[in-house]
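The letters A, B and C name the chains in turn, as written, and every chain counts its residues from 1.
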Amino acid sequence: MTKTLLNLAGTLVGAALMLPAQTLINGAGATFPAPMYTKWFSEYKKLHNDIQFNYQPLGSGAGIKQVTEGTVDFGASDALMTDAQISDFTAKQKTSILALPTVAGAVVPIYNVPGVTGTINFTGPMLADIFLGKITKWNDPAIMKANPSMKLPGNDIVVVHRAEASGTTFCFTDYLAKVSPDWKSKVGAPNAAPNWPTGLGAKGSDGVAGQVKQTANSIGYVELVFAEQNKIGYGAVQNKDGKYVTASLAGITAAAAGAVKTMPEDFRVSIVDSPGGATYPISTFTWLLVPQDIKDPAKKAALKGFLTWMLKDGQNMTEALSYAKLPKEVVAKEEKAIAKIK
Amino acid sequence: MSQLSARRRSVNAIMLTLTGVCTVVAVGLLFFILGYLLVEGGSSLNLDFFTKLPVAVGETGGGMANALLGSAKVLILATLIGVPIGFLAGIFLAEWATPGLAAAIRFVTDLLNGVPSIVIGIFAYTLIVLRTKQFSTWAGGVALGIMMIPIALRSTEEFLRAVPNSMREGAMALGATKSRTIFSVVVPAAIRGLISGMMLNLARVAGETAPLLFTALNNQFWSPGWNQPTATLPVQIFTFAISPYNDLHRQAWAAGFMLLFLVLLINITARSIVSRGGLKAR
Amino acid sequence: MASASTSVPEARVPSSPRASVSTRLFSGDGITLAVVFLAAATIIAITLLLVIELWINSAASREKFGFAFLATSVWDPANGEFGALPFIFGTVVTSALSLIIAVPFGLGAAIFLAELAPPKVSDTMTFLIELLAAVPSVIFGLIGIFVLLPALNTVVPFLKNHLGSMGLFSGPFYGPSILTAGVVLSVMIAPYIISVSREVLLAVPRDLREAALALGATRWETTWQVVVPYARTGIFGSVFLALARALGETMAVTMVIGNSPRIVASLLAPGYSIASVIANEFSEATGNLYTSALIELALVLFALTIVLNGAARLLISATTKRRKK
């Protein structure tokens, strides 16, 4: 028995090790850009068979934590790292953390209302009140007012939010805090893991999408591509200029373009609730969190190689998944930042 | 013979029937679960499932080849860790330990057995992943191995004790040392029970998900060697099940069916090798 | 009377010059004893290490909150406020609910298998029911999401109409909830109750049954008024065992409980269990306090399951030992 087991073990170990000498890089973080990143990494593997990037979408919070602990080589987050998190990273890893933007995307309010097939219009304060638990029924006067031609049932709204710390949540609460003083006072500043007043928690953007898809009368918030790929209805949101805009490449690009002039050196900027007639208000960049000092030369070369590729060829793949490209100025700035990785 | 009142007779009949109904429902649940998985996932158990890697989030197709290999690797490691420790300690308990010491060791082992699997996962994370700064297959193997120890110990002790003393005395009378006796006489006599226990143990950890979440993590690609994160079957089922993609649901059903089928197959084989009852040892 | 370990004196092989080194070496009891003792010691070391790690890594949270941790109901990682109450509530209520469903049902099946079914039928059916215990948790979760949730969606409005006034079934039903988790758990723990209760019922001496029947009791009356009370301790043991299993269940519960750290007095509301919050939030807990709060939760869960498991074994062995007298 032992002999058979050992033989089997040997074979499997051999099989597992027979791949060519590889550079293996592990990353974890946001679910927001997961469709894009997993696509990029599988394309990159086709181009460079000896370099393998394994990306696990665990949520922005997990991305920040694991790259801080050093258990992954890079993180990913759409939530801006807090000062406390940044100093925690510097203390643990003895180097600085670079937040490099990759794409811009949109957070859309998805819903599953029986009998409703069109696009529901949401104003900012309305969304805040729904997620605060103040608006509880789909035929609430506020919702009816923004959607005069729609027949909305009198069912209870089921709120679905993220169970774990999420960059998508950060972006969404950023928006809610900006448009609703009520939200700001009750729940507080933009936060990856706020104290939700109501609702169900689901794991990951795909978890929220899955939950909304399965639960009648529910509302949630996910990145645009999840709604599109799963044919889940999503609403139009009123932007700063008062127009109802559904998320689209044009809307996200407009939001991103507006941030170019104010983009700081460390790329930490919020493009939520940007002005402009065509701007989609709940847009955000998403960042790869890369340590500035990487000890392993193979990993360092691989990461720099990937990042350079991402800024050129990778950017041409974003629109197929409804993510907006980075503005040219940001790309230029980022190429300089990548050179800083030692 | 006294006359039973109609009321007592009907209560008797009703309650006894109800107990039968409970039993039938309990047995039926097993077949329901198995059947449902077969119907939902059976057709997706195609060649792709066994040979392809998962595709990028949102695309359709792909398979679970890396998860199958990953699970195999993790389980082999778990067995290599958990079974020897439990087996040898079981020999100690059955052949050498004084009653007090044996009771103490059994108590501690029961303590370990009662630890929820998620807590074992946290333990392996802080012990291995944080210190090696790496999510890895072997961290997952260690976590599952720790879970295998208590049952390996219990079943080894139980089956060794069941071997009659006359066999030991006979061997000793022929001049064998104690260790010779154990390994050449007692263990072979108990071998069926020991193998059966090992198989049940393996089947139990094969389906564990929680300890792997923070140790082996997951991987879209093949995981070479033992020091990288790897996809495993239960984690993949979990991830796919909570996603919104219908194609992933389909694959989750297929994987679920396969996992359940294997687990049940191992269980049935193990129990037919030796017929012993009870779940108390768990 | 045989003692716990074989008390045959260790025989010594007279060392013969012709016996090979390896034979002499490995037939030496010293080495074997050392190895097996080491194995046993390793187990103790691992368990001790586990407890120590849990204790040390929860220090920050324990020092900051003290026992108030168990009574606070706010879980706000962003502001550094952590309280275990919502999770203790969720864990306890889902487990209690699962027992309320599984115990009558399981005991009924155990009675049938121990008292009524012919031995072969009883053995086969018990075998099949024990296979149910081997089904992995994630598969129960899979069935929970795609089969139980839609089923409950049709059943709950009916329940609400008839029992809504009780308060337990008040409020809106979204699907994932304490009720759903409780039902899934009940299916998972039923095999333990059935299997162990059946064994303790079988351990009840025949004479008791025969005496009752001779006095004119019906089969049911004998079972319910004589056999079951006699085996009562063991049955409680099986309940504790099942409860310990329910408390630590992670995957199936996470998939259907709703992941909402709020205490609501309705079974239809979403909830959160200790194991679920650890599974969802552990990999992202930034900051020492957050991580140590989660580990303190793990410690609480660990303590609960230890106590229950210990009590269970005591009760079960008490009943089965009685028969041997």
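The rule we apply is simple: a residue touches a chain if its C-beta (ideal position, glycine included) is under 8 Å from a C-beta of that chain, and two chains touch if they have at least 3 such contacts.
Remember, predicted model here, so these are calculated numbers, not experimental data.
S.K.: What chain is the most remote from chain B, judged by the mean position of CA atoms in each chain?
M.R.: Using the mean of the C-alpha atoms as each chain's centre, the farthest one from chain B is A.
S.K.: Which two chains have the most contacts between them?
M.R.: Of all chain pairs, the one joined by the most C-beta contacts is B-C.
S.K.: Hey, how far is the Cα centre of chain A from the one of chain B, in Å?
M.R.: 37
S.K.: Distance-wise, how many Å sit between the C-alpha centres of chain A and chain C, to the nearest whole number?
M.R.: It comes to 38 Å between the two C-alpha centres.
S.K.: Centroid of chain B to centroid of chain C, CA atoms only: how many Å?
M.R.: 15
S.K.: Please set out, as single numbers or ranges, the residues of chain A touching at least two other chains.
M.R.: Where chain A meets two or more other chains at a single residue, that happens at 28, 202-203.
S.K.: Find every residue in chain C that makes contact with two or more other chains and list them.
M.R.: Where chain C meets two or more other chains at a single residue, that happens at 145, 283.
S.K.: Where does chain B touch two or more other chains at once, residue-wise?
M.R.: 242 - these are the residues of chain B that touch more than one other chain.
S.K.: Which positions of chain A touch chain C when the two form their complex?
M.R.: Residues 28, 58-66, 68, 84-85, 88, 156, 158, 163-165, 188, 191-196, 198-203, 211, 214-215, 218.
S.K.: Which of the residues in chain C end up touching chain A in this complex?
M.R.: Within the complex, chain C touches chain A at residues 74-79, 145, 149, 172, 174-176, 254, 258-260, 262, 270, 272, 280-281, 283-287.
S.K.: Which of the residues in chain B come into contact with chain A in the complex?
M.R.: On the chain B side, the touching residues are 55-59, 69, 72-73, 76, 79-80, 129-130, 133-135, 195, 217-226, 228-229, 242-246.
S.K.: Write out the stretch or stretches of chain C touching chain B in their complex.
M.R.: Its residues touching chain B are 2-6, 8, 10-13, 26-29, 31-33, 35-40, 42-44, 46-47, 49-50, 53-54, 57, 105-106, 108-109, 111-113, 116-117, 123, 125-139, 141-143, 145-147, 187, 190-192, 194-196, 199, 216, 218-221, 224, 241, 244, 247-251, 255, 275, 278-279, 282-283, 294-295, 298, 301-302, 305-306, 308-310, 313, 316.
S.K.: Chain C touches which residues of chain B in the complex?
M.R.: 2, 4, 8-9, 11-12, 15-16, 18-23, 25-27, 29-30, 33, 36-37, 40, 84-89, 91-99, 102, 105, 108-120, 122-123, 125-127, 146, 149-150, 153, 165, 168-169, 172, 175-180, 182-183, 200, 203-204, 206-210, 213-214, 234, 237-238, 241-242, 249, 252-253, 256, 259-260, 263-264, 267-268, 271, 277-280, 282
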